[in-house]
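The first chain written gets the first letter, and so on, giving A, B, C and D; residue counts start at 1 in each chain.
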Amino acid sequence: MSGNSFGQRFRITTAGESHGQGNLVIVDGCPPGLELQLDDLRQDLARRRPGQSRLTTQRKEADEPEILSGVFEGKTTGTPIAILIRNQDQRSKDYSQIKDVFRPGHADFTYWSKYGLRDYRGGGRSSARETVARVAAGAIARKFLDSKGIHVLGWVDRVGDIQAQITDSNLVTLESVESNPVRCPDPVAAEKMAELIDQVRREKNSIGGRCTLVVQHIPAGLGEPVFDRLKADLAKAIMSIPAVTAFEIGSGVEAGSMRGTEHNDPFRLENGQVVTTSNHHGGMLGGISSGMPLVIRATIKPTSSLAQEQLTVNQHGEETTIITKGRHDPCLLPRFVPVGEAMVLVCLADHYLRWMERHHNPD
Amino acid sequence: MSGNSFGQRFRITTAGESHGQGNLVIVDGCPPGLELQLDDLRQDLARRRPGQSRLTTQRKEADEPEILSGVFEGKTTGTPIAILIRNQDQRSKDYSQIKDVFRPGHADFTYWSKYGLRDYRGGGRSSARETVARVAAGAIARKFLDSKGIHVLGWVDRVGDIQAQITDSNLVTLESVESNPVRCPDPVAAEKMAELIDQVRREKNSIGGRCTLVVQHIPAGLGEPVFDRLKADLAKAIMSIPAVTAFEIGSGVEAGSMRGTEHNDPFRLENGQVVTTSNHHGGMLGGISSGMPLVIRATIKPTSSLAQEQLTVNQHGEETTIITKGRHDPCLLPRFVPVGEAMVLVCLADHYLRWMERHHNPD
Amino acid sequence: MSGNSFGQRFRITTAGESHGQGNLVIVDGCPPGLELQLDDLRQDLARRRPGQSRLTTQRKEADEPEILSGVFEGKTTGTPIAILIRNQDQRSKDYSQIKDVFRPGHADFTYWSKYGLRDYRGGGRSSARETVARVAAGAIARKFLDSKGIHVLGWVDRVGDIQAQITDSNLVTLESVESNPVRCPDPVAAEKMAELIDQVRREKNSIGGRCTLVVQHIPAGLGEPVFDRLKADLAKAIMSIPAVTAFEIGSGVEAGSMRGTEHNDPFRLENGQVVTTSNHHGGMLGGISSGMPLVIRATIKPTSSLAQEQLTVNQHGEETTIITKGRHDPCLLPRFVPVGEAMVLVCLADHYLRWMERHHNPD
Amino acid sequence: MSGNSFGQRFRITTAGESHGQGNLVIVDGCPPGLELQLDDLRQDLARRRPGQSRLTTQRKEADEPEILSGVFEGKTTGTPIAILIRNQDQRSKDYSQIKDVFRPGHADFTYWSKYGLRDYRGGGRSSARETVARVAAGAIARKFLDSKGIHVLGWVDRVGDIQAQITDSNLVTLESVESNPVRCPDPVAAEKMAELIDQVRREKNSIGGRCTLVVQHIPAGLGEPVFDRLKADLAKAIMSIPAVTAFEIGSGVEAGSMRGTEHNDPFRLENGQVVTTSNHHGGMLGGISSGMPLVIRATIKPTSSLAQEQLTVNQHGEETTIITKGRHDPCLLPRFVPVGEAMVLVCLADHYLRWMERHHNPD
C-alpha cells in the first residue's frame, strides 16, 4: 500500500475514486513565488475532459478545480498545494449490474484479489477518472517548467494501423495537435483515425494506438543514475497510467534491429554547443539528459469496456457473460495526450529540482 | 543525486565503478532465516560474467563475491546484507586515449555536463560493469522468491531481425536458454543469431535485440496503484539498466494495433481458480498481478563502443574522431539476460513484501 | 521542500493553512475493511478544538470533517483516504497589523527567510492550526490499532513547576484525563495547573509544560534498526509538532544521572511471557519494542504570542515592538494531548504494518 | 525492515555487525568535486576508536577505512562513496557464554523477538560498533559543510550529577574538548567526571550523562515543515543512536517551566542581520533554522553491560542470572561525542542540499 505518491522533490499525492466525492492532489515541493490561477488548471483539464467530441465518452464532467491551499495573493507560497475536483455526473446506477462480475481487461478481479473488497462504482480508483488529479498536478508543473523555458507537447501518432507522417517532430505545434479531435498533427492521418474510431464505436468495439511526447529545451544533466535514470523515472511515470502497455525512448523497439553505426548519434558543435546530428538516443545518454529533445512513445491498449457480450467470471466463482453498458471512449488516445503530458511534466519538474541541488552547489 | 537505491522493502543500494576498487550492493529488507551461500551468488554472477564466449567481451573478471554482513551461520539475519565484488582485470591504460573525448552513444558527455568532472576509466559508473552488483542482489531476491514458489526466467528472443519462434513461453526452461551462448531457447534462431553477432563483430559493428522475461506462479494481488503499479515499477527496474530503449508488457507495442475484442482476455475457471484464456494483459490488470504469468519485453540498443572511426567532440569544444579500442560485446543481449532477471527479481521481492503487509493483516 | 508527508506504509500527507480554505490530509496505506465513520474523526477533533474552556483560545472552529475518498459503504477500501476540514472562523483582519513584523518566538522570520514570501494570516502553515489534519489522521490510525488491541493515551503531567503525582501510569484512564480542562489525571495538580494557567493569562503571559504519552499492549518486535528505530521515528513524530522542545523515552533526561544497576530493567517471566520488573527503558530496547508499555514525554514551550509589548524587527530591517492581539492559548498543553496522541498513533500504525511484513513472512 | 538508510539528498546506508567482516557505509548524494582523503576519515574515526584511555573499552580496533568507490584522483565524483572498515579484534569467544541469555538493558530479547534468530556475537548489529560507519559518513559530511563554513562541535556537559560550567557555548573549541579524555571543555568538571567514571568502573557499574552539540554559521532557512522540520530530523538522527534516551533543543526540558516572556527571544539587528538577543529557541523557529547557532542536547543512559550479576531470562524461557564479561565503556559519553557530531553533520548536509534546491531556484 501507499503507492499514491510520485516524485521526490516535486511530489504529488492523489486520492479519489470514479464515483466518490471527487479527486484531489497535493503537490508538495512546488517552488514559492510562482503565479498560479485557476485558469492555468482549467486549460489542461479541459483537454482531458470527457464529452469533447463523439470520439470520446459522453460522461459530462465540468471538472472545475478548487485550490484549497498553498497559494496566497495569486502566488505559490512553497507550502503544499491541494487541488480538489469534485465529481458531478456520477450515475452510479449504470454500474449496479456489474457489481459482482469481473469485467475482462479491467481491474475488478485484481482489486478484489488484493483488497478483499472493491468499490464497484465505475471501477472506483482503478478508473481512468483518477487521472484528472494528475492533469491538475501537471498543470502546476507546466507553470514551473515554462518559467525555465522547458516545453512538453504530446500527440497521437498512431491509431490501429494508421500511422501519422511527421517530418520533423520538433516543428509540431499545440495548435496543430488541437486542430482536430483525435489530437494528431498530421491532418490526413487524423481524418482516417477519426473514421476508424467512429467505425469501431459503431461496431461496439475499441481500438489501441500510440502517443508521442516531446520535450524541448531541456538542459543537459537531468537524471540520477544508476536507478533514477531520467528514462527510468519517465518509464515509471508513463507506465503508471491506466492502459499503457509499452514505453519507448528515441528509436525504441526499432533500436533492436539496428546496428551501432546506424544508432549512434555523432556529436558535433552548433554555435559552441555540443549537439548530436541525429536523435536516436531520444535526448538521454546514460540516463541523463543530453540537451537534445526528449522523445518518448507510449502504446495504449484498446478500451476494455465493450458494449458487446464477453465471457467472464463473477465473485461467486461462476462463469458468466457481461455487456458493459456505461459510456466509454472507443479509443483512449485523444484524451490520453494531456495525461501523458502531465506525467512527463511532473517527472521533469521533479528532476529539474533534483538537478538544481547539484547545479548551483559548488562555489 | 542519491539515485542509487531501488525498492522500498527489499531495497538495494549500489556503489562502484568500472575501474575502481570494486562494485558492491547493500540489500536492506531481506527477511531473516533464509539460507544463503556464496554459491547462490556465484551462479548468477557466472551467467553475467564477461569472457564466456567469443560473442561477449574478452575482459576477464573472476567476479568472486564476498559477503560482508547480514549472514550468520549460513542464514540471513534480517539485517542488511552487503556484497562486495572486487574489480580485477582493469587495464586502465586502455582508456587513457579517450580521456578528453566524448564517445558517441555513451554517457561521457552527459556525466561531464552533470558532474563537471568524470571518471574516464571505462565509463566509471556509467559502465555496464555496475550491473554486477545488481546481479548479486538479484541472486538474493531469487532465493527469497524461490521459497515462495515464484520463478523468473529470461531469454533472448530477437537479435537484429532474427526472431525466435517460441510456441509456448511457459514451457521454456533454464536448460534450453543456457544451451547456447546467445541464450535463445529456439536452437535454430540461436544459431542464426550467433552468426549475425559474429558477423557484426568482424565488421567492427554491433547489433541490438530484445529480451523476454517471464514470471511464473506469482499470486494475484501484487502491485500498489496508482503510481506504484506493478507494471510501473517493473518499467523503472528495466529501464534503469544501461542500453534499454523500450519496455513492454503483454502484447506491448502490438496492443496499439489491436481491437478490444482481440486484446481483452476472457476470464474462466480452472480448478476453481480464476484464470484468463489468453494472456495479452501480460499478467497485470490495473497495475496489479492477476495470477497469470508476467510477460515483459526489453529492447536493447546496439553497443555504442565501436572499433571504427566515429565523428565526435572533445571536452575542449573541438570536433574530432574516435575509435573505441577496448574489449566490448558486439551484442549486449546474451549478458543482458541475467541482469534483466535480476531487476525483475528485486522488484518482485519488494512487491511481495509490500503485499505481505496487507495480505496477512486483517484478522 | 516536500516535507509534508510522514510514515512509509501508513503514510500521511497534509496541506492547508491557518486562514486558507481549510486543512486536509491524505492517509495512504490504511488497510481495507476497517469500519470508519465521521464520528470516529469527530471524537478526536473535538478534544483538539479551540474554545473548549477559558484555558484555551477562544477561536471558534466547528472542525467538521468531510471524507472525500477511500471509504465505501462504511468501510475503508485500501485506497487513499482524504479528509478535508474547512476553516470557518478566520478573522484575517486580526493579523493585518503584523503583516510586516516578525513575532518573537514565531516562524515569521524563518518562513520569510526560506520562501522569500509568507502567508501572514495567522502564521499560514506555521500555525498550530495545521495539526487539525494530523488529529484526523490519528483518528484513523486509532481505529486500526484498536483492532489490534493497542491503545495510546496522553495527559498533561507538568505545567510550569506543578508536577502531577501519578502512582502507576498504566492505570490512568481516558475518563480521568478528560475529567478536567487541563487534561491532568491528578485532580489536585489539575486544579493548581488551572489556576496557574488562568493567572498567566491574566498577566498577558504564557507558560510551558510537559505531556506524557503511554502505549499499552504493543507487541515486541516493532521498530527497524538502525535508523528507523522505534524511538527515532517517535522522536521525529513528536518533534515535528509546533512548540515541542524536548523528547524523552523511559527515564529520559534522568537516565543521565543514573548508574547501570539502577537503570537496567531485569527480565523475568510472567505467565510464560518475558517482561521486565521495572520500565526505565520505556518499552524499547535497541530501538525495538520489548512488549512493555511505551513511555514517551514531550516538553512544550510557553506560547509565543503574548498580549504585551515585545522587542522585534520588521521586514524592512527596522527595529520595532509588537503586541500580539489575536486569541491564543495561554498554555498549549491541554490541546497538545490529542495532537501528541495522533502522531504516536500514526507512527505506530506505520511500524505495525512494517512489522507485519516480516512477522507473517516465513512459512 | 529496510531501516538502514538516513537522509534524502545526502543519504547514508550502513551495513555490518560487531563481529562480522566489518562495517560499511554508502554515501549517496555527496556533491562532486570535493577533495577527500583517507586522512579526513581517519581523524574522526580516531576520536571514536575504542581503547583511547582507561575511561573507555579496551577493545582494540585500528578502524582503518578503505574507500571503495566514488572518489577519483582525490576528488568526489558525485557517484556513491562506499567506505569499508574491517573488524579486527573480534574475540567471539568472549560472547559464547551469553549465547542463549538476554542481557538486561540490551537488544538481545527484542532482536530475537523480531527476527526469530540473532547474531549473539557482541550484539551483532545492535552493538554500538555499527556507529563506526556513521562516523565515516559524518567525516564526509563535515568536508562538505566545512566548504560552506558550517561547523559542528560536541562535548560532554554532564556525567552523573557533575555538570560542566560553560559560560558561552559559542566559545568552546575543539582543542578544549579534546584536551582531556572525558571530552568536557570545563577542566574542573572534566577531572571530577574522570574520577566518577573511574569509580563506577571499579565498582563494576556504569554511569549516564549528557552531550551538547552546537552548530555555528548555519544560514537561516534550513528545514522542511511540517514533518521534516529541522528539529524533527535532528531528533530522529540523534535518537537513532544506541543508548540515547532524550533529545532537547534550545532550552529543552527547562522550557516546560518557563513563561513566554522568559522564553521568547527578541529579534534585533546586528550589522544589518536579524539576530536574537538570546537563544532559548536553539536556532530553530517553526522547524526552520533562524541563523542563530543550533543547540542540541542528548542524554545517554548508563552502559547496560555490567561485570556483576543481574537477574534475567534465557531463550528457553528460564529465569537465570548473567555477568557480562566483555570489555565495555563504564560511561558512553566520551566516545559518544564524535557519533553525535556525525549524525548532526549528516542531517545538516542533507538539509543543506534540500535548501539549495529552493534557494537558487527562482531566477
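One rule holds in what follows: contacts are C-beta pairs under 8 Å (C-beta built on N, C-alpha and C of every residue); 3 or more make two chains touch, one makes a residue touch a chain.
Since we're looking at a predicted model, the values are computed, not measured.
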Per mean C-alpha coordinates, the chain lying farthest from subunit C is B
Cα centre of subunit A to Cα centre of subunit D, whole Å, reads 45
Rounded to the nearest Å, the gap separating the Cα centres of subunit A and subunit C is 39
So, in whole Å, the Cα centroid of subunit A is separated from that of subunit B by 26
Touching two or more other chains in subunit B are residues 1-5, 8-9, 14, 31-33, 78-79, 114-116, 125, 225, 353-354, 357-358, 362
Among line, ring, star, complete and other, the chain contact graph is complete
In the complex, the residues of subunit D that touch subunit B are 1-5, 7-11, 13-17, 20-24, 26, 28-33, 66-70, 72, 75, 77-82, 84, 114-119, 121, 124-125, 353
Given the complex, residues on subunit C that touch subunit D span 1-6, 14, 102, 104-107, 109-111, 113-116, 125-126, 130, 158, 160-161, 200, 205-210, 220-221, 223-229, 231-240, 242, 244-253, 255-269, 272, 274, 276-277, 280-282, 284-291, 299-306, 308, 310-313, 317, 319, 354-355, 357-358, 362
Within the complex, subunit B is touched by subunit C residues 8-9, 31-33, 78-79, 147, 225, 353-354, 356-363
